[in-house]
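Okay, structure first, notes after.
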Amino acid sequence: MSRATKAGAIRAILVFALLLALPFVFTDHWIVNIAFFGLMFAVLAVAWNLIGGYAGYIWLGSIAFFGLGAYALAITFQHVPLTSGYLPFFALIPIGIAIGIVSIPLALLLLRVRAATFAVVSLAVLFVAEIFAFNLDGLTGGPQGLGMALPPFVVTTFERPFYLAMLVLLAAVMFCSWYLAKSKFGLMLFAIKGDEDRARGLGVRTTTVKVIAFALCCGFTGMAGGLWAYYITWIYPQFAMDPNTMFAIILMTYLGGKGTLWGPVLGAFLLAPAKEYFAYTLGGSAFYLIAYAALFLLVMFFLPRGVVPTVADFLARHRRRAAVLASGPRPAGEQVA
Amino acid sequence: MHLLIYGCILGILLGGVYGLMASGLALVWGIMRVLNIAQAVCVILGSYLAFTAFTVLHVDPMLAVLPISVVMFVFGVGIYYAFLRPIRRDRESLSILVTYAIAIGIEGALGLIYTTSLQHTGTSYATQSFEVGGFQIPTVELYAFLISVAILGLLALMLQRTRLGRALRAATQNPTAARLLGVDIDRVSAVGFGIGISTAAAAGAVYGMIYSFNPNSHYDLIGILLAIVVLGGFGSMRGAIVAALILGVIASVVFIYWPLWANLSFFGVVVVVLLFRPQGLWGVPNWATQ
Amino acid sequence: MSTVLSIRGLIAGYGWGDILHGVDLDVEVGSITCIIGPNGAGKSTLLKTISGLLAARSGDIMFEGRSIVGCTPTSVLSLGIGHVPQDRSLFPLMSVWDNLLMGGYILKDQALVRRRADEVAEMFPIVKERRHERAGALSGGQQKAVEIARSLMLQPKVVLMDELSMGLDPKSRHLAFDTVVRLNRAGRTVLMVEQNARAGLAIADHGAVMEAGTVKLEGSGKSLLDDQEVARLYLGRIDGSALSEGSTA
Amino acid sequence: MRSHRFAWAIIGILAVAGSACSSSSTSTTGSKSPVVVGISLSLTGDFSDSGKTEQQGYQLWQSVQNAKGGMLGRQIQLKIVDDASSPDTAVSNYQNLITRDKVDLVFGPFSTLLTAPSALVAARYGYAFPDPADGAPKTLNEHLQNFFLMQPAGPLDTGLTWTRYILSLPADQRPKSVAYISLDDPFLVPAVALDRTAFTAAGIKNVYDNIYPTENVQMTPLVAAIAAAQPDMVVAGTMEADSFDMVKAMVTEKFNPKYLFFMNGASDSANFPTNVGKQNIEGIFSALGWYPEEKTPGNAEFVAEYIKKYGGDASQISADTAEAYTIGQVITEVVEKVGAIDNAKIIQQLHSSYWPSIQGSLAWDADGKPVGTLLLVEWIGGKLEVVYPATDATHAPVVPKPNWP
């Protein structure tokens, strides 16, 4: 157990060290820009995985909280002077916490229904949020959008602060995800996914557990949204709360491996840069949507568990076979050691 | 007051068409626990088929409804065997994602064939109307309503009176017992999905005479259809039809006075009803899963 | 008497585990055979395996001399085995009459289905009286009657009845058992599973006690009722509660 | 076994980064190297139709100009990439174009919604950002020095040509009452507001005023409500499909306002008659920045080359295509005058004087808002005619609008 934890810690440190080094090694704007979107989707997918992967609820409204975070930050800095370019990064913390708290009553309401009903009702949450964003002109600017104060960073390393802030956010959400999966709490979530009624029968306080996962998901998604708004500087309802982004996050989670720690991160880093990159290089292939649909279906049918569990299984089998082969001479070897 | 009544009339006319679209969604859910996100894009597909029949073959969309239904039935059966039958595990949740992928795939294909320009099936009577008691009744919307009612009537008759209809209803209400009585759930599901898709396309054929549409139009529609099905109670066709009429009237009336908030009123009604009746207005008791 | 249904070494189950661990059982033509035993003994699983809802993993089920292992529910049904399942198996929103018609689903000839329905309705007055009502609106006992009536639509040689008396009040229960006896007199072989062991064995020609996936004891209904050991273990005054302890072993 | 998982994650990252690096050396440099123009267009997604018509305009300019020897004696090369109608991708694309491919010039995308974030990226790197499509008022409020809306008039001025025409009528011929209806859109709502201010000041009674959403629009009840207010004039802030549906609903409702003005949609000569029916277009007003017969510098050449390259006839040329072509035309002039590809000087030049184009002479204020006006057009005899201002008019206005057939 402790050995596994140690290996996990080393792995995490290595990955984050590499990610931390990236903007200093590859200083090209476009690389850091694409990596920023990769990180953003990783945060979104890991956050979604808390409720969608661990607890098995197809939560289609999370992108509404992305938009909520975006608007919260943008509206805040309509009223607060931008004394320092780094101020909005710190403002994200209270915004994330506030969104998490706001999401709790909604969670209590929504989580009364399950499975497909939950999915539909959560999609309705997204639509309703979008309608509000459009119609509350005074607050959100409505369809005219809302501009952020321009980030006063130097042009040569303009993207770097955003990248690093998103990396910190990823570390935080990964830590939560890891901690939840390791703790009793994670067990409870898995129990809910397996059979919620039985879990409740066994004394799992299913509602509490679900609501906490839900609030964490919403809080982190909102923080990512705020950071996105600051980076993109101009937000419109249809982009801040885009159903297609929602499904892209889910696809990333499934591709990497839902319910796993690293799966959503991997899925995001495979798909998000690929999307930007192919849109750029293939320039307007009309087959974009069809290719996307085909990819979606391929993942669903041929990699339903995702890359991480599939590869892990493959490696485990491989290692077991190796162990069987090696089992003969091992006692002798141990004696020598 | 005059406007209010007029709003109700228009709401009922439109609600009938939505009822036809949503009843297929409810039927499919009832039989196989699949939430077909692609239902709306099939409506648009039906609109395009009718549009093509009208502009190329000069066939009136009202007449095209029948061949379109047949073609789309076959299409639906094909979709079922290709994409839905293979989902064994976690069908309720996975089917949402799979049918979403199907939806954007069809959207992409429509974009390739027809481009994303707005189209409209402009029949000679597209802008005609006649007056009844001081109300201008749009001819197209009345025809669309009547066609929808006729198809729904035929569907109801089929469900009530035929062997296949009994099997469909049986599979919805108690799949295990239906299997014990010799119902091949797989085949019934395929047929049910085919019917669901063909009703969507039939509704689409008439929808295309009322509204301009392009391949993206299904995003707006699916929200409405899902709201209707949730309000009516999952899996209940009767519920879907009644909910479609209720929501049609509410949306039309709100539209007259506060157009911006019509969509919200739509979802608002759904949320309020769900608070008090989580199973919707006519939730089908499914004894096998209780 | 000859054997109509003969089960040998039957192993079946769900998912990873087996529930039936080698069941042997013979059902005589024209008899009422009653299976009793604690919860989880595999009684319902046995019936489901016979009717093809569950695939047998090993062993054989012979019906009138031919193996029906691997048959679909539809073909088992058409061979002449009807199944009245344990849980409510009516279609609640369909009329009583439509429920009855569903019993003849596998028959292509609709005229024949209607004729059979009329015949069955003659035997079950409740079906006739309430033919237009929704099945879901009937009381538990009435629903059971409709279920039994429905199972007769195909004129099965063998009727499998799972927990006929479950959830019924004493009067309905009495009525239900009466119906079974009537069916049997009319020539149907009945294989029933009964939690209410005493009442079940009382009307049975032959009884079998199942425990932990095998048949432990067999004998005539009367001999089992009189057996001290059986009485102590399985015929406790309160159905089930005392029994489940013994069954976990 | 677990420790291998992260290896996969890293391989994934490296694979993407590596493949990105490997193809980054596509742009070549040399003494007679082409002038590379980077453009992100919505070739897929919601805005793709307009994106494609713009692409036609850019490509037409490229071939016409290259045939004339290009720009500064260098051939023009377009690097057009797809933004799939998404702002994230649009921002990434302009980043890539400017910092990775180091293009010489950038031209704007289609949608207003993508313009603001994209223009900010260009501003960061000091690139001029000529934009073909509607600049929303809020984009202009950013006061970006490098932004230029390549249209004759500002986005809010769509309705002003109509206001000017109506107010030019003798008081007794003016409509007495007006209904305002607008799509909930970044520039239509404020554009309608400008009309309202002008008409209210002129004493025209406001009998109906409402905004409708962009989706699930039921035109029949909406039009019934407008009709119930019995206005003489309807000012409709429409986009495209909604104008078609609104006309149809008006015909169905047998609602005949004397003056009917649509901001957009009704000026689309290719799609408007087919969508609402040729019999239902007579007497409808709209506004235009450009029309095929316009006698402006290079317009005849543009129309002729368009038909040569894409076929069809002049009425099928979209205004979007003309706007995109305009950008090429104006920037060529500016670059030739500056004598070098120098974005700072291009920006300065654009601000300093009037520039001739197929859309007439263009000039901008400090925020990049054009200072000209649009033309008022009306469907007369099944044809779109310019009716106001009188100096450009091809036909006298026909009022009041004849009743629906």
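The chains carry the letters A, B, C and D, assigned in the order they are written, with residues numbered from 1 in each.
The criterion applied here is as follows: a residue touches a chain if its C-beta (ideal position, glycine included) is under 8 Å from a C-beta of that chain, and two chains touch if they have at least 3 such contacts.
It should be emphasised that the depicted structure is a prediction, and the values quoted were computed from it without experimental measurement.
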- Show which chains lie in contact with chain A and also with chain D. B
- Message: Which chain has its C-alpha centroid farthest away from the centroid of chain A?
- Response: C
- Nearest-to-centre chain - CA centroid comparison: B
- Heading the list of chain pairs by contact pairs is A-D
- chain C-chain D separation of Cα centroids, rounded to whole Å: 75
- Task: Please work out the Cα centroid separation of chain B and chain C, and write it as a whole number of Å.
- Result: 42
- Distance from the mean Cα position of chain C to that of chain A, given in whole angstrom: 52
- Query: Using the average of all C-alpha atoms in each chain as its centre, how far is it in Å between chain A and chain B?
  - Reply: 34
- Query: Out of chain A, which residues touch more than one other chain, so two or more?
  - Reply: 131, 134-135, 286, 288-289
- Among all residues of chain B, those touching at least two other chains are 111, 219, 223, 260, 263
- Contacting chain pairs, sorted by label, are A-B, A-D, B-C, B-D
- Query: Okay, in this complex, where on chain D does chain B touch?
  - Reply: 44, 46, 48-49, 52, 184, 210-213, 215-218, 220-222, 224-225, 228, 240-241, 244-245, 248-249, 251-254, 271, 274-277, 280, 404
- Query: Quick one: in the complex, what on chain A touches chain B?
  - Reply: 56, 58, 60, 109, 112-113, 115-117, 119-121, 123-124, 127-128, 131-132, 134-135, 243-244, 247, 250-251, 254, 286-290, 292-294, 296-297, 300-301, 304
- Message: Touching residues of chain A toward chain D in the complex: what are they?
- Response: 4, 7-8, 10-12, 14-15, 18, 26, 28-31, 33-35, 37-38, 131, 134-135, 141-145, 147, 150, 155, 158, 232-234, 236, 238-239, 242, 262, 265-266, 269-270, 273-277, 279-286, 288-289, 307-308, 311-312, 315-316, 319
- Note on the structure: chain D residues touching chain A in their complex are 1-6, 8-10, 12-13, 16-17, 19-20, 23, 41, 43-44, 51, 55, 80-84, 86-89, 91-93, 95-96, 98-100, 113, 116-117, 120, 124-125, 136-138, 141-142, 184-187, 189-190, 213-214
- Task: Provide the residue numbers of chain B that touch chain C in the complex, in ascending order.
- Result: 163, 166-167, 169-170, 173-174, 176-184, 284-285, 287-288
